[in-house]
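Note that the chains are named A, B, C and D in the order they appear, and that numbering of residues resets to 1 at the start of each chain.
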């Protein structure tokens, strides 16, 4: 099992959009040992619980956010043999269909890449200090945390 | 549960490389209902079982390949609520670090996107008629199928 | 002195995002005593930080609980359950 | 007539990738009888399509087995276990 020291980690909180191709290139440059890259993109859905979301504002806790994401990636690197991990999360105002978050996980093997990418997303959802405020036709409101996100963590205790 | 008829499916067998950003754009154009896109990229690893792979030639069974991939995507669409699926697999000569395969799965929810993307890759590995011939310093040889790829299917019987 | 931060709906309900707080003046030694001191300020604070409300607390950017000790120089943050991703 | 296809290591071992085959001349009615007819041709065919060898067979582009019936117009393919992805 590789440790976090051997895994190339990139964490970024950004008001601007990310470029998936550019992030893939950064991760891959100069190496021919990667067999699999699993990526996840989270997007702003226009429809959420029956209301039409026109925009969303993402707030976070600078410092704790990066620390939390680094810890999550370090845990994943202990569980699976990872080669590189990139996590980019946007903050500020986002519109429907905009990108919110990008997670890229590279490994020699596909199962490790899939599992670690989903692990990072699951813990990002429950532990990383981001908060969403949605603007809908019914006004502005803070998004409630979902029980299903906490439930999703259960599977990682079984390994 | 959506059916295959409601899922936008793109299957391509190509001698040329794919552009992840372009494929993401095609999948996303004109829609704001996607919440999650899970993607998988398989790459040519330079080191494989101790030999150094300089290049690889991928052969396939035209017709059966596309049919098989469509069936796999249709099965995934029955299991999870998917919005769009893209599968691009390269054939011909590939070099170390080149892209081999791209799978993109869009869904309103991340767990469906992750599960369906891994499902498609697992069945692509065991059912889609592609064959790899590697060139290493020890000569040219056909890659052996791996028992671990067949074993990976077991999980999908448990649901 | 400690730094107290409030985020998201808590920040809005309390009308403050950051303040400096003198632990010694209020005999604050842990999260529980800090909350007691803050809740005594106003109805808004009492309501927002009530034990029945679903807030989270972090001390020095790590998730904490009411038993977590607090000392001068610490950064304490209160916020609702997170909703990123 | 049926079309027979060979892929990858089977194609290389047999030196043929595609052929037309007359089912009636050889009384071929299913995959088993087709294999019997093909194996009778040469040591290379006998060896490559031996039951102990790990080949796969598809009829009309769907995975089949030795019991699968074959009729005129069908496309039958033999190949090793797949290794894509």
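What we mean here is this: contacts are C-beta pairs under 8 Å (C-beta built on N, C-alpha and C of every residue); 3 or more make two chains touch, one makes a residue touch a chain.
Bear in mind the structure is a predicted one, so any value in this text is a computation, not a measurement.
J.: Quick check on the contact network: minimum steps from chain B to chain C?
T.: The least step count works out to 2.
J.: On C-alpha atoms alone, could you tell me the rotation angle mapping chain A onto chain B? Nearest 5 degrees is fine.
T.: 180
J.: Among the chains, which is located farthest from chain B on the basis of C-alpha centroids?
T.: Ranked by distance of C-alpha centres from chain B, the top chain is C.
J.: Please report how many Å separate the Cα centroid of chain A from that of chain C, as a whole number.
T.: Roughly 27 Å, centre to centre.
J.: For chain A and chain D, let me know how many angstrom lie between their CA-based centres, rounded off.
T.: 48
J.: Return the distance between the CA-based centres of chain A and chain B, expressed in whole Å.
T.: 22
J.: Could you tell me which residues belong to chain B and also touch two or more other chains?
T.: If we look for residues of chain B contacting two or more partner chains, we find 42, 110, 121.
J.: Could you tell me which residues belong to chain C and also touch two or more other chains?
T.: Residue numbers touching two or more other chains: 85.
J.: Applying that definition of touch, give me each pair of chains that meets it.
T.: Pairs satisfying the touch definition: A-B, A-C, B-D.
J.: List the residues on chain B that touch chain A in their complex, please.
T.: 19-21, 24, 28, 31-47, 96-97, 108, 110-111, 113-114, 117-118, 121, 152
J.: Once bound in the complex, which stretches of chain D touch chain B?
T.: 5, 7-9, 12, 58, 61-63, 77, 79-85
J.: Where on chain B does chain D make contact in their complex?
T.: Residue positions touching the partner: 42, 58-61, 63-64, 67-68, 89, 100-101, 121, 124-133, 142-146, 149.
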